[in-house]
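One structure, as structure tokens, below. Some questions next.
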Amino acid sequence: MSTPKGSVLVVGGGIAGVQAALDLADSGFYVHLVEKSAAIGGSMSQLDKTFPTNDCSACILSPKLVECGRHLNINLLTLSEVLSVDGEEGDFQVRVRQNPRYVDPEKCIACGSCAEKCPKKVPNEFDMGLGKRKAIYLRYPQAVPLKYAIDPDHCIYLKKPGRCGFCEKVCPADAINFKDQPKEHLLNVGSVILALGFKPFDPSGLDFTGYGNLKNVVTSMEFERLLSPSGPCQGHMERPSDHQEPKKIAWLQCVGSRDINRACHGYCSSVCCMYAIKQAVIAREHSSSGAVDATVFYMDMRTHGKGFEAYYDRAREEGIKFHRARVHTVSPAENDNLKVRYAGENGDIREDEFDLVVLSVGLATDPQVIKLANDLGIELDSDSFARTTCLRPVETSRNGVFVCGALAEPKDIPQSVMEASAAALEAERILYPSRWTETKEKHFPKERDVHAEPPRIGVFVCSCGINIAGVVDVQAVTDYAWKLPGVVFAQNNLFTCSQDTINQMAETIKRERLNRVVVASCTPRTHEPLFQETLREAGINKYLFEMANIRDQDSWVHQRQPEAATEKAKDLVRMAVAKVRGDDPLPYNTVPVIKSAMVIGSGVAGLTAALSLADQGFPVTLVERKDRLGGHAHKFFRTWQGQEMQPYLSELVSMVEASDLIDVHLGTTVQDVSGSVGQFTSILTDGTEVKHGVAIVAVGAESFKPREGRWNYLYGKNPNVHTLLELDQRFIKDDPGLKGLNQAVFIHCVGSRVPERPYCSRVCCTHAIDQALHLKEMNPDMDIFMLYRDIRTYGKREHLYQEARAKGIIFIRYDLENLPRVSEENGSMVVKVRDPIIDASVTLHPDLLILASAVRPRDDVGGLSKLFKCAMTGDGFLLEAHMKLRPVDFATDGVYLAGLCHYPKPVEETIAQAKAAASRAGLVLSRDAVPAESITAVVNLQKCTGCAVCARVCAYHAVNMDENSGKAQVDTGLCKGCGACVAGCRSDAITLKNLGNEQIMAAVEAAMEDF
Amino acid sequence: MNDISKSKGAWEPKIIAFLCNWCSYAGADLAGVSRYQYPPSIRIVRVPCSGRVSPNLILDALRSGADGVLVSGCHPGDCHYISGNYYARRRFALLKRFLEFVGVEPDRVNFTWISASEGEQFAQVATEVTERVRKLGPATHLLKEF
Amino acid sequence: MSTVNEKITSEIREKVRELLASGHVAAFLGYTSGSVPMVMQPLIIRTPEDADRLEWNSFCVLNLANYLPALLKSFEPPRRPGDPPPEGPLPKVGVLATGCWSRNMVIQVQENQVDRDRVVVVGISSRGMVDRKKVLAAVGHRDVTAVYEYDHSLKVSGPGYEREINRWDVVRDNCRTCVHPDPVIFDHMIGDLKGERDVADRFRQVEDIEVLAPEDRWSWFSTEIASCIRCYACRNACPLCYCPTCFVDDSRPQWVGKSIDKADTAIFHILRAYHCAGRCTDCGSCESACPMGIKMRILTRKLQKDVLELYGAEAGMDMQSPPPLSTYKMDDPQDFILTESIKGEEK
Amino acid sequence: MKVLILDKAGFQDWLRALAGEFDIIGPAENTKGLLDWNKLEPGELPDFRPGLPKSSIKTFFFPQPETLLEFSARPGDDQAFRPHEPSEGRRARLLAGVRPCDARSVALNSMPYASDPYFLKNRENVAMVGLACTQGCSTCFCTWTGGSPVGSDGMDVMAYPLGDAFALEPVTGRGKDMLLKASSAREAAQEDLAALDALKASAPSSLPDAMDPASVLREKELMSLYNASFWQGLSESCLNCGTCTFLCPTCYCFDIQDETLKGKGRRIRYWDSCMFPLFTLHASGHNPRGEKVKRVRNRFMHKLKYFPDRFGPLSCVGCGRCVRDCPVNIDIRQVMKDLLAI
Amino acid sequence: MFYATLEGLRRFNIQHKFEFVSIISLYAQWIREGRLKVDSSWNREGLKFTVQDPCKLVRQGLGDVVAEDLRFVVKKVAGEENFVDVWPRLSNNYCCGGGGGALQAGFVENRRKYGKLKFDQLAATGADVVITPCHNCHSQVLDICDFYGGRWKTTHLWNWLANALVMDDSATGREG
């Protein structure tokens, strides 16, 4: 192949597409991002909150969108469709049609005058048709790009030229262009990533739900909009019929999922259980009284992700009701209420009345996408999702074309983000020789020297829709800010993080010659970088900035005390103003990057990550605790799709062994780690000192072995009791002893979802069912019983479950109050379990008892997390930087995680995550230098006594005593800005830049000013 | 005086909370994200690490009029900066005992560990500290007056 | 028959004369008497002839370690920032050191204020120093014109009176509860080492206050410091207070107001004491120097007690142990942590 | 001018009568058993025992701190950062039992502060009833400095102990008015006046030999004193604490600082000390008196040379507080002798 | 028989060369094609009709298509305006309560209790005639109507189809 192109086409501007685009653009590739609607953001932008952290969806997404919208190496093509993709891997020719916007994006200032004047009201598709928009519109308030568009299907002028044209008349920027024409772009790219997302299932056909007939039956997506502050009722949860706040709400699960009867969607949509619980939790918060009666009707509760089970537990504790029932009918009741009829597990028929019914609709592929896939020659599966395999989870049937997100299978946001990074990795793997060949470089304007200027502070107070403004009197806060010393400008914004406000902020900084900026909005933990970059773009140093957290730490926590919350907001603004007044411009430090990686753990995750990096030419040190490569995969029979693991593993291992770039250390662990991103030095137990720029932690997990206690079930006592992996090993050996058995019993959730290990192990349901099917393959006459709590065969795995039921495998549900009892009578096993449906005890006599035991974190993960300064969850798994949007990054820069040390997951997700980790690591390795901490310690030599307290307490050896002067000096490359030295210093001689005592005290003292 | 709490006649304490950026501040954010409600008495000052909080800062808060002080960091072992909270623990242990020795009420100055995932705990601690301080009444001992 | 202190004085003179005459030290830091009874004057001598000016008695209350860094520095050639350190060995200086002073010198060495190699320590095992204020109180604050010291008593006289006072009765509080009278570092010893003293209620003064209710403790503290004139004699007498700019002198930020103010004075005393945590050897210089009779030593004593209780550390006992606030243990006590204490209550 | 005789009870009544007009302050035992200036309850007598209170009376004229002005720092206040005079006025104060040396310090401090409105206002506001010394302390040397143990400079009324009673002599017009309230006083009889004269004549002899160092030192060449060799040795034992300067009645150096808190601001003047490192510290970081020896020298040169050169007398009243309370026994009398010897 | 054969073919994936259709769909097809001519004018009294969706035929069998066909035929036969639908309907309709052998196997009380839901549902329509295209449903609906005091007539479909049939040449198949 000749030199591949250095650019990539990403189709679909949802979170997956955006993530793939950012990963690629940040590691040296030019990206064309094609989005069919007028703005990127996809389905995630329509959500109110995200589970399990209840993060405001728009809030966490917005910075990424803005980053994407502003990225120099991302060519955003909205209102665009891919017409054709010709050529092959490394050199594709793509035709893209961009439909006319009829508004010149260069001119539009998003002032909204056009929409105000536009006489044509149109159902707003962003609000799922629940609200109206105009024919000239913004997709949503934080839309990126924040440019209006005219809807040609509804515009009066475009239909009958000369009839209207109000928008053109009122536009102050002369941006309306009725003559706009479709454009066709010819793009030459090396790879294509499809991130086309999903379409919520349309339940109109399911008449029993009443959807379409009964006003107060809404889909979950509609309900998201009803909850959303930017939605049709500004977040004041109202039901459609009478705009009253619903007091009693039902969620009906599996509408359009797990339904082969009416909906023809046999798969599970994976996310609905969690989003329904989330909606129930959020609905309660939204309600004025805080006392919404919320009931979820479900088949199996599928809370199989990280932090999900705890979320479910908490929801139950909070009083949200869960009924295991598939609702039979929703029928009208008085007052536009809804009667819901369902059967209890024991068969009794119950009826309950609700104010509102929410249908938890499933995820499906848009028919237009199906057509596009066909056009592009991308194979779809029977559920119309892109066909991938467990071992190649983001590869489509066409070389060089990759897929991520819900197009391949219904999945949640972190999984989509992970796949997006994995897809980016696959593209990078092909295109790496052309890295940085098509990219442009960003140049900020020269920074104004503000040293000598008196403070000119600008304060931007965010309403965050109603997130803040619903509680805090933002206008009063803005008025107040004007009066603070040094403040020369203050303004209230609906969404300060929206692109137009950001641009306007930059303009304001220039116009008003601001030299300090305060944004009173959400938490700096998510939004500080965005605003700081705005400062740079406006020509001032980004450290002349402070945030007042008046949302997460004010409006959200004092919802019922608007007056006190407003006073607190003023305090917080005053504190920020006081602090920023003393802020100094700081240098932008960088650290040179050692362009090699260390991968810890050589299971499938570690091997995949190592190969993914080596394939791009980056040297890798692979550290394995055991004396052979491969990890637990050696014990693993096959994927749920039936691909056998052992041949695959051998191939992986031999590729690693053959690679010149991978230096394998067996029987070795990491003893000590120092340094930071770009410049790590690790000492291995074999004495090797490794210098590396990044590290990927992929140390896996362990299988819980219930040798004693409550979950023992004769494990270790009877030779015919196995864990899943032990049975796999018998499969691998093709153990003939399995063939003549009469009965096998599987017990699920052994040690998972129990008080001491409250999380769900995610993999066991599918694994167990696949094993049961394999046993059936070996001996179709074998009786197989599955004792389960909830079957969690999420996504396409549901087909396995259907197959198992079809093949006569019997499923008996148990709960923690009625555990199965396993005993030995006359040398044979007896299992007794109560079947809740027939309400009777069932006695089984298995020849084989398989325990689907928990996946548990390894005990030594704690030590590793300390070495790399990474956090752990309460369950003992490693904790990523952000549960939703940074699923493979650690909070510690330059360290990534993959595989089971993060959370239990099947091999396809492990592979995707390993590739994602490699992609993220590539962001660092592809550069010569990465930014380093600017907020570092600094020594005032006149005050320093040389006592060395600072050096003693510095964990990074960043402070040492100068031999000549005897005084402290700081290595800014090593300094992390923790300030342990500052607090230790009695002489106030060492301080943190912009976090000195003076600045902190200014904030403290400002807090106490009672006006 | 437009102080809302005063106009209503009920005294509301003001409490300065020094929270480390990585755990406790994130925990406070999580309390918000999870909508755990707590009294509006806490004024949070974001610091990189509990190890950054010098005793001087705590005294300054009291001198400036804080009715209470809360310092919170990562749980031992969780410090983002490896050991900052261990040093902080020693500094605070001595400071707390010492302040109590000179007659500062034990509930005035509080230290705690709150992780990024402990939103609920943060709300609980904020409520608890507020209640304790409320019982004590306004802080006067180290208050600078003029 | 001469008194113990007279004997010590003559031994000191002899030893110092020898050290100076031999050129082993370039200067010697000791004590001499002056114009006011019971107030001794620290003295630096540079010639063997001056050795006879040295005196030792029970009123040598200020910690001589305090003068040591400046004295050492006076023998260093002047340097501008960036200049390399002087080459070749620098002159040594000699100093008298009791137990607490020597422990202060250990701290000074640990904190890079003193180069041990340049100091010749002449050790004296302390018999306990006399608190002048106790003597004055004993004579009803009358004018004292002469004090003669015997081994176990003092003869105090003034206009129209003469009193003999039992020496131990007027020994300073810190000396009365001192456990380590012997120097921990010395190069020459005057007299013998006495060994550790067995003190029953080492922290009695502190405990008496600890048992009070918070409001009574505050009342004690605020009354104790009420007469403070912010002259900083306590700070300046302390060998630990060597910051070029003390926090009280800082104006950016301003930690405390500089004038007489209830809160500022309290914070000054709290922080001054806190800065000595884990470092204070209870030499009592602060209290001895105070013109207003404030017993601020109890503050540092409290910290000393807590450091010992919590971390098992005593300041300056050896060169190797790290300063207690510059180190930690994973399992340091944390009952004071709110979440832990709530947990504890629940149990 | 009439001399009145008051017994202790009468003295008490008199002070009680004056309490309507003044806050009365006099020497009394503080919580530490030390004699110091304390507010007296109406009718409470000052402690007449020999010896000086711990502190000088300078704090009543040169308070620690003096609020020079106040300002608002509240956001939105249109008067913000515009200074105005301190709002609070103080009641007139009467110092009862002032020793002649202390009273003389007020006269001396009035020289540099001749046009300082704060000092002058305080002077106006403070009346003094003096108490002649009948017995000196080992640290007293007022006569060296131009003072006298029975001097009445600066007083409004001078009291002389005569046995169990006091002879009261008005010194100023205000003193005369004050004495009008001494209802139980009797006019001094002849023998009282004789005893008073005897007391006045005998008192100075109980002190060390009188000298007039001011006139001698005024004549000496400044640099020869400045370059004297003894400063180094003298300063070596000095702790550079501010005890001497803060106890000294004639140390009048000050520093000024703005304090702001809770939206209120004030500019205060407070005692500085030439012993302190911040003294004469320049904004550049340079300090012409950066070393201890220079600071120590400054203190004595100021009192004993610069001040007399400018105003005539020494800036020292010989109260001996610095000698009494210096932790390292630095004795200004010796310094004076050393300077005189040059 | 109908359902068992259908499900057998599906479950065991038995290859077969025939199509599996309900007579109802054929009626509907023929009516649409004009091959079967029906006229509702016979219903001068305006008898109201409703239907039962048998589980084996609809929900588990051939799905909603056949249920829609059933309604189509009934409307043609009885008049559009004379059809009253039940709620819930089609696949989501209630079971009659007589299946699974309940009609033959004793437990009469239980069976009638299950049937109460069906009775209430049908009674709520106010229909005069309930069409039950399943013999099992027919017997159960007949029984619960009687037992609970319903007023409707329970019948199969063909009775009424016969009533409405327009007998002309094309229908009789005679050549013109």
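Read from first to last, the chains carry the letters A, B, C, D and E; within each, the first residue is number 1.
Everything that follows uses one rule, which is that contacts are C-beta pairs under 8 Å (C-beta built on N, C-alpha and C of every residue); 3 or more make two chains touch, one makes a residue touch a chain.
All values derive from a computational prediction rather than experimental measurement.
Asks: Which chains lie in contact with each of chain A and chain C?
Replies: Of all the chains present, those in contact with both chain A and chain C are B, D.
Asks: Could you tell me the least number of steps, going only between chains that touch, from chain D to chain E?
Replies: The fewest touching-chain steps linking chain D to chain E number 2.
Asks: If I average the CA coordinates per chain, which chain comes out farthest from chain C?
Replies: E
Asks: Starting from the Cα centroid of chain A, hunt down the chain whose centroid lies farthest away.
Replies: D
Asks: Counting contact pairs per chain pair, which pair wins?
Replies: Looking across every pairing, the one with the most contacts is A-B.
Asks: Of the chains present, which has its C-alpha mean closest to the combined C-alpha mean?
Replies: B
Asks: Need the CA-centroid distance for the pair chain A / chain E, whole Å please.
Replies: 51
Asks: Using mean C-alpha positions as chain centres, tell me how far chain A is from chain B in Å, no decimals.
Replies: Using C-alpha averages as centres, the distance is 32 Å.
Asks: Which whole number of Å gives the spacing of the CA centres of chain B and chain E?
Replies: The separation of the two C-alpha centroids amounts to 73 Å.
Asks: Got the chain E residues that touch at least 2 other chains?
Replies: Within chain E, no residue contacts more than one other chain.
Asks: What are the residue numbers in chain B that touch two or more other chains?
Replies: Where chain B meets two or more other chains at a single residue, that happens at 55-56, 60, 64-65, 77, 83, 87, 91, 144, 146.
Asks: Which positions in chain D touch two or more other chains at once?
Replies: 259, 261-262
Asks: Who touches whom among the chains?
Replies: A-B, A-C, A-D, A-E, B-C, B-D, C-D
Asks: Using the touch rule from the top, collect the residues of chain A that touch chain C in their complex.
Replies: The touching residues are 941-943, 945-949, 952-953, 961, 963-966, 984, 986-989, 996-998, 1001-1002.
Asks: In their shared complex, at which residues does chain C touch chain D?
Replies: Those residues of chain C that touch chain D are 33-36, 39-44, 62, 66-67, 70, 137, 141-145, 158-159, 223, 226-227, 229-233, 235-237, 244-246, 249, 251, 254, 257-261, 288-289, 291-294.
Asks: Would you pull the chain A residues touching chain D in the complex into a rising list?
Replies: That would be residues 480, 483-485, 574, 942, 1005, 1008-1011 of chain A.
Asks: If we count contacts the way the header does, which residues on chain D are in touch with chain B in the complex?
Replies: Residue list for chain D touching chain B: 67, 259, 261-262, 264, 266.
Asks: In the complex formed with chain A, which residues of chain D make contact?
Replies: 73-76, 80, 261-263, 285
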